[in-house]
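What follows is a pair of complexes built around chain A, which joins chain B in one and chain C in the other.
Up next is the complex of A and B:
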């Protein structure tokens, strides 16, 4: 069951009513029950895996918490009796013990995640039979593992109620697709008692509508064309392949950010604020800027829990600073690739990002000099150029996920030069009544929707996140809902229930 | 206050626009397949009917209500749709009983041969239900008829099913936006042309001649409903050559009718009356106008003898006037079709639309 299912939407309405009519102390247990039900519908094995993860992580966090309390008590009790060195040695020993527990907890979580990912990869190449779909496993594993690391670092208090920890881990709006929330960012909002806030509820509904607009009018529609284009990869090379990459970018953005909008919107309707995951990513001026705008919670997770710890890790301390950063960058992006799946396309995608970031890092002083010397770099035209350059670069990198075939993707890159097929590409539109499985009118609808998508946040500069920040008039939302009903890609003949990012 | 007002206005706007778009995008069934308009036509009839005829194309093109009235005084309405399965027929009966209580129901039992909803049954489901007024029995029947890809919600809000027709909107959708034109006369679909029977596939030997449980259950439901409402149930099999009606099936129906004391009229044996070289417009599947009138003249006396609830109602001024009007329309359509046959050799669907618009 996904956000698109009428059963989900119907259940959600019932849940809203119960949430705001039951006593406030029943709010978080109700959300937990709903989340458990949501996972149970995905399969009992999925629910069991999630519950075991929460149970183990709870135990590890509690134990680390006890060790911390005992450590503090011991130090306080023997403050006068211990020398500074003795205290330091004692604290270090205690920290080692906590680290052992942390590593054990993380090893358990990531072994389970790796097992599922490897099994999925083997099932994909039919070495083992296909298995059940562990919906959202990467997301909740990262959420709970982030919590464990934060407990170890002392950034958050240990959650003593295992049920509350379970709710943080599997809260159903962000269960399937993110964002990858941090405990200290959402815990108060998620576990606290809430009054009905009509303003927030209204904004949440608007966010949900906006998400559906992206997913159902643009995302699912473009996926029909992409499925056609990638079904004949040999035929569609050169300009066709480039066109596929552009469409893929639009599809991926509409699909993923739309699902995130729905996720955030549902949480807002419950009075819960979760982190933003997108901020107009196609306005990014360089790759650093892009990763501050696209899948933000994943980027910050890897930055805080992989990149930073690696940068200060003892084994790398003897290396020159730049080399250290480059190694940390490559390892971080390799891990990011693996997080998406045990497949070459994801690994190459991750490494490609890492390499481009490394090169950009090296070129930064040159860019700074260049920008200082030439004033036109401050012009709007140059900004547009930088945005377009970044867009095209990321379009190429992103395309490794289209075919799940790295050599083929490289062959398509080469075909831009060796066999561009300009004539055939433009003739195609004149000679065919249906363009890549979509009628011209369907392309027109998708195109107009993209214009609305770009226009709405762009014309409102104060927009935070990928939703209109200013409140458009109610009639705008009524029109948008009507447009979703009429132009949405759903119903008989369409099996569009799943989002691309649900597989991770 | 201003904000609340704007929300209310937006909501009203949305509901109105949703209704209008649903109305616009739903197929009007005024041209091929015009049969989808049959269900809704029932609600246009303001006069009560003594006999309701329920079934598939085996009834809606095979029995002429005008002949039934003019020659035997039985006011009848046909509630039929293409490929109308027995649980569809049950929904038709329940829907009818919400509006009137007829004296008798003539039920085509041909659909007993279909054990479950066919995989390609969605268009037929739509034709049966799109024009039907929303009710619990209707939704129950929808649930039983749906193919796995269908959704119940799309029968409550047909826009969810037909929204993708925005690319196919034609003049017909605007012309019939508010009002539909009739495509039948009291449920009777007239076809005056002839397409003689050609090759008929030999009947297939079946390993099991049992009917499907879903169909049998629907038949028992229909029996119970008619008994509950004091309506006489009459079973009927049309004289179609295809699909083949096996003797084993017929024996089951004969036994069922005997056990429940129901009259059963099997018209397959009417070979002396119906000649499929002249009395069919689609190679023996259904009867044309001449065939339907012949069958009606054959069936009606049997009905009057075997269904004591039916009587000659001619002489009632209101009914006479109403049926006179229907008969005039009937003759006009017949004349129009005969003119087209003389010109082109057969009836095209366009003339049905012309009939409808006349």
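Up next is the complex of A and C:
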């Protein structure tokens, strides 16, 4: 079941009523029950895998917590009797013991994740006949593994109630699609008792409407065109392929950020704050900026738990700093690629990001000199140029996921020059009544919705953490709901119910 | 603290670290530069930076914040 389902929305309304009428101490158990139910609908095997993961992680975290308490007590008791070196040696030995437990826990989680991902890859090439859809497994694995690492680092208190830990892991609004929340960011809000806050509830509803607008008016509509365009890759090369890549970017943003809007909005209606995952990514000035704006919680997860630990890891310490950074960057992006799936397109996508980041990093001093020398680099026009350049670059990198075929994607890149098909591309629109399986009116609706998306600044400000200066009037929301009912994509031909990012 | 200021001024000669505060002046370094800074600090102060502190911006808001962290790590 996804957010776009009458059953889900009906159940959600009942849940809101129960949540705010039952005694407050029943709030988090109610959310846990709802989340378990939500997962059970995805299949009992999916629910069982999740419960086993939570149980193992709970045990590991509790044991690390006990070791930490004993370590602190020992140091406090013998502080005066120990020299600084003795204390350091004792702490290091204790840390090693805790690290063994951490590694065991992470190995268990990631073996399970790898098993599922490899089975999915084998099912894709029909080596094994079929595979259950372990919906959202990467998201909860990363959430709970992040918690384990934070416990090891001493950044969070151990959660002694396994049921509360289970709720953090699979809270249904973010269970399937993210954000990849951190325990210390959401635990208080998620597990605390909440009074009805009408303002927050209203803003949550607005956020949900905004998400539906993105997903149902833009996302699902553009997906029909994408499916047509990628069904005939040989025919649609050159400008057609470039057009496909642009439409793919718009689709992916509308689909993924829309789903996240719904996710964040539902959490807000329960009085719960979860992390933002997008901040106007197409306004990024360079690739670093882009990854601080797109799928933010994934980026920070890999930065904090893979890139930083690798970059200060002992085996790399003797290397020159820049080499160390580049190795850590490549490994981080390779891992990010694999996180999406065991397939060449994801691996090449990850490595392409890593290589562009490495090159950009090396060019930074050159850019700094260039920017200092030429004053036009401070102009708005130059900013627009930088934004456009980044947009095009990321459009190319992102396109590896369109066809799931790396050589084909490279052939399409080459066709921009060898066979651009300019004439054929522009003639296509005059010669056909339906453009890539979508009527011109459908394109107009999607195009106008994209304009609304660009023009409405309210959530952009909210995402930055500033209180919006002016909220949209009620009529705006009424019109948006009306637009979703009229132009939302339902029924025959529009039966795509899964978000692209749910497969991860 | 003087030793730290010396290092910061070498790495970022255009910034006045006596007054710099990232919360007011905007972030100076991102994740890749963070590794460069930490490698330098580790070498000069002979301490080990645990990766756990690297993702916490509050440790790097200002020279004083970095110094407080170094003192804490030296004591551990």
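Quick note on the criterion: the second predicted complex is superposed on the first by the 487 of 504 C-alpha atoms of A that agree within 3 Å, B and C clash if a C-alpha of one lies under 4 Å from a C-alpha of the other, contacts with A are read in each partner's own complex, and residues count from 1 in each chain.
One rule holds in what follows: a contact is a pair of C-beta atoms (placed from the backbone, for glycine too) under 8 Å apart; a residue touches a chain by one contact, two chains touch by 3 or more.
Fair warning: this is a prediction, and the values are worked out from it, not measured in the lab.
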Check: Aligned on chain A, chain B and chain C: do they clash or fit?
Finding: fit
Note to self: Just to be sure I read the superposition right, which of the two partners does A:300 touch: chain B = first, chain C = second, or both, or neither?
What the structure shows: second
Notebook entry, point to check: Which of the two partners, first being chain B and second being chain C, lies in contact with A:426: first, second, both, or neither?
Noted result: neither
Notebook entry, point to check: Does chain A have more residues touched by chain B or by chain C?
Noted result: C
Notebook entry, point to check: Thinking of the overlay built on chain A, is A:482 touched by chain B (first), by chain C (second), by both, or by neither?
Noted result: first
Margin query: For A:44 in the superposed arrangement: first (chain B), second (chain C), both or neither?
Written below: neither
Note to self: Let me test your reading of the model: by the given contact rule, A:473 touches which partner, first (chain B), second (chain C), both or neither?
What the structure shows: first
Check: Regarding the shared-chain residue A:6, is it in contact with chain B (first), chain C (second), both, or neither?
Finding: first
Next item on the list: Would you please give the vertex angle at the Cα centre of chain A, with arms pointing to the Cα centres of chain B and chain C, as a multiple of 10°?
Entry: 160
Margin query: For A:374 in the superposed arrangement: first (chain B), second (chain C), both or neither?
Written below: neither
Notebook entry, point to check: Is A:441 contacted by the first partner chain B, the second partner chain C, both or neither?
Noted result: first
Next item on the list: Check the superposed model and tell me the shortest C-alpha distance between chain B and chain C, rounded to whole Å.
Entry: 35
Note to self: Show me the residue ranges of chain C that touch chain A in the complex, using the header's touch definition.
What the structure shows: 30-32, 34-36, 38-39, 42, 48-52, 54-55, 76
Notebook entry, point to check: Tell me, which parts of chain A touch chain B in their complex?
Noted result: 6, 439, 441-442, 473-475, 477-478, 481-482, 485-488, 490-493
Notebook entry, point to check: Mind pulling up the chain A residues that touch chain C in the complex?
Noted result: 88, 91, 150, 153-155, 288, 292, 300, 303-304, 307-309, 311-312, 321-322, 324-325, 328-329, 357, 361
Notebook entry, point to check: Can you list the residues on chain B that touch chain A in the complex?
Noted result: 3, 6-7, 9-11, 13-14, 17-18, 21, 25, 122, 149-151, 153-154, 159-161, 163-164, 166-167
